[in-house]
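Pasting in a structure now, in structure tokens, and then I'll have a few things to ask.
Labels run A, B, C and D following the written order; every chain starts at residue 1.
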């Protein structure tokens, strides 16, 4: 059974008042409410929690954590769940835009040390297309790009770090515990 | 009286406890049948604030290997502040005891409430273990005899810890 | 006054207008910025979503670099960056073992001596009275809705900045510039932040609400101190219109834009003319 | 040489199973001074006790050691036993060979050895035990009651009706407390004032109650049975004796618009005012902060001109009066946690997200009581403070500040669930087409007819209960947008409300900590006063002769507060039932000839029981200065003994001699 370290998130203290759900800007879009996710984790129902798509809707705005009367780090729980599922992407989650984006993002900074946005957009859209064959999505921001270029807001070659290899090494050291380096 | 020296060393521990928290904590340990080493002898005082630290010196004189001072938790003192007075005086007293050559590591301070039978059990367990590890407190053993003008032989010192001695 | 400067990826990319604005107006205030040499990305949401250790290591590397260059304080105009930097700095300060581990991982030992400032804090350091005195053209007629979003104040125990429920530090700056700040309700609501590309619909809905509320309370512009907020509120207005059939036409300023303007700098210098919604 | 008897108890099998009691009593028989050493199955039983008494007589013993259970269990018992047989009860010691020995060890040999050690210690001590006599202190049969809320009123009336004088001190201009401001009371919905005001009038007219309103306890001296209380009568600027309460003055006052304390700022009052029509005493007071005449020292004075009885004196000053009492009842009550503002203790400001103090139509539960009350600023019409419109949707939030470690207090305020149900109900009764919404975490309705009452609010008056907290409240075009959650349905809930009522947490009244310090009464981290035993001594405190009742001890509803008040009163009455009081004689004493008069003990004594005094010859010639213990005040903690550099202080029952003997017994 999956176990994620949740002590420092104080999940055990949750008494289900629902203030996290009440304040969540995207709760309405979630298949399970934040308080329900915390409850699942509290009772060890990690599988069910990861199976939910709630964490992919979460915008990490920290409102839940900030207002929690028991100082439960609800946003932290969402992070943990994302991290966990990132380690073993199920087909559905692999197709999830957010995770595709985040992997593309990390790949990108791993390569350059800093973000190369144009390349990010490219890789990300390609990934989404490959996984989901969403043609419209592919061109969603296509209209945006030229206007960005014309405003000098897109650099075709992003600046990158001189000592670039160090970034790669940092990544390896952090991920070595995990066998999911492929993911990034 | 002429007992052979025992193989295993059993430390003698004297506990000065307050009547309202730690003594009741020890009672609770009893009611809950929480077993702990039999080395401790409890002296009941109204409050740890009552403890004159010469008492500790005395305890070592008569052959104690470790001493426990335990009262109510901060803020819970039956007499509002006695436990703090004890703590504060202990700070001043420590150095004095050290100059007296007393190994202050042999003196333990804790706070045990009337509800903490379990904690009492643990504390006594730990203190006994440390005392065993530290070995007999030769430096002060049998001093009392010396004062009453007797020869202080190691045996005399050790005998104070022999059960038969009582009879 | 000279400060260390951690621009972060956004300011070197899409939000280069923010960087120009920050540099220009701080220069005008006599605050020199020295870029942290060879800084790397802070990892943003992606890192702490996917690997906890990485989410500490990336900012830790930057803290180490800054410390090596002897910066006591660094400005991170992007709240995401400053939050990540602060979080990492708190962690390594409180946990020596972790600090050593991080030293090993990022190949640079450090104490965590460098403290991190956001843009508003820099203005506060300069002093609002000083700024007030330096104002050349007061911002009359400006009705600003100050928008803090999430990461300027949340999580409070990490940011330790302003009141996370009723923040007022930007309003104070606006007042110093002779403008007025409107009372409104979405100061600290989220705009969708990192979801800009991944989950565009969320962003459009949330940003739409924010712009609507600002307008409803009589604001003629929204002031931000965050590149992501700016992207979502400014760049996405066309998409919002396409999705909701509401045209907001709301100008979105960086706080530094307005300070710069009041100090008499041109829109071009401040990069304001590069905003998507630009009424001049 | 003492003649000691040692009595070892088997406690059935409890001791005998692990301790060889015969061996023990045999061993102790050997000790010098021990004239008889016996063991018996049950020492505490009737035959056991008479066995002790027989031996005391036959062996003519003058000291007794009982080796059995904890002294907390039976020391009293055996002291009585010995006393009845002519042994001074304070020459009885117990060795705890059950809780501290037979129950915690299994090896019979070691347990037996330890038992012997423990009893030897007691024998060594009892040898030195001095005969002691209980201390007798005279008692002033007169009580002070602090706080004139429903609890204070009840306590005062009970004691007075019991035949003793009562001094009732109330900080506000009138008695009545929080209850006087309530609309109707759960679960019966009888009108709060209708049931309280008659009691208030009784207090005002009672021949044995001396009422000090607009006054505070300044200083407390003395001890159990003999307190001297200094009371500060704050300048009222009105002579309550000559004043008839006609009202000409407050009608004349031009400074009309000051927020009324009684209406929690929802209503206005003049600078000279009575808090509410049924006030007791029905006499006005001048608020010196707002009265122009008092502020400037000249001008206005319209009230003075209008007053036919010349009862208004602008030069009035605070006055200190002193009262002697034997017992004190503290009934200082509660106040609400101040939402979104600094608390008394400087703690959390809490709940910026609810916009209290920013949005006029977000009110506290006590403010809502005033909106519901027939005597309230709106005459009982429920309206929005902002625009006077009738609210059609009212949202009630429970647990605002309660059960919230992060922003408020971890404890449950206990009364909110009930009064919130009442609010929802009363609102529905007044606004028939209105809808009440309640956000709650749990409904705590333990109490006679309480659960039924809550159900009525839901089933008959259609209050909508959502199980969840609210995250944020903000104003949007005249409505209050309430963002909450329904955790049972598993969905966020947004309600556009016209009025929001916050059930703020119950916290102790301002200044209670200072009062507690004056009285040597303990208090917890929140400022609630500490009872000396949560179950068996619920209204007594660590300070002898000081009793507590009502919400100053913990959040409480009216029935509980009243019951506790009567309990406190009865404790005072029990004291007054005696000519003099006896106290345990185990108190400190000073060897006054030896005392170096450094007065360290005076400074360290937690009960201020040691005074600086002068040692005089029988002829009254000054010999030297010395510390002197007041046995009436001393609680016997012994701190003075430990701090005394000249070893002049000692503690009866635990003397240096006795304790050292105990230790030395372990050689």
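Following the convention adopted for this analysis, contacts are C-beta pairs under 8 Å (C-beta built on N, C-alpha and C of every residue); 3 or more make two chains touch, one makes a residue touch a chain.
Predicted model, so just to flag it, every value in this text is computed and none were measured.
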| item | value |
| --- | --- |
| Selected interface, A-C versus C-D, where C-beta contact pairs are more numerous | A-C |
| Inter-centroid spacing, chain C versus chain B (mean Cα positions, whole Å) | 62 |
| Centroid distance [mean C-alpha coordinates] between chain D and chain C, Å | 52 |
| Interchain centroid distance [CA atoms averaged], chain A/chain C, Å | 21 |
| For chain A, residues that touch 2 or more chains besides their own | 63 |
| For chain D, residues contacting two or more additional chains | 353 |
| Chain B: positions in contact with at least two other chains | none |
| Contact pairs between chains, per stated definition | A-C, A-D, B-D, C-D |
| In the complex, chain C residues that touch chain A | 9-10, 12-17, 38-41, 43-54, 57-58, 61, 104-107, 149-151, 154-156, 164, 188-190, 192-195, 197-200, 202, 206, 235, 238-239, 274, 276 |
| Of chain A, residues touching chain D in the complex | 15-24, 27-28, 32-33, 35-36, 63, 67-71 |
| Chain A - residues contacting chain C, complex | 25-26, 29, 56-57, 59-63, 65-66, 75, 79, 82-83, 86, 97-98, 100-103, 105-106, 109, 113-117, 120-121, 124, 140-141, 143-144, 147-148, 151-155, 158-159, 161-163, 166-167, 169-171, 173-175, 177-178, 183-184 |
| Chain A-touching residues of chain D, taken from the complex the two chains share | 353, 399, 403-408, 441, 467-472, 483-487, 490-493 |
| Chain C residues touching chain D - in the complex, by the definition given at the top | 163-166, 185, 213, 216 |
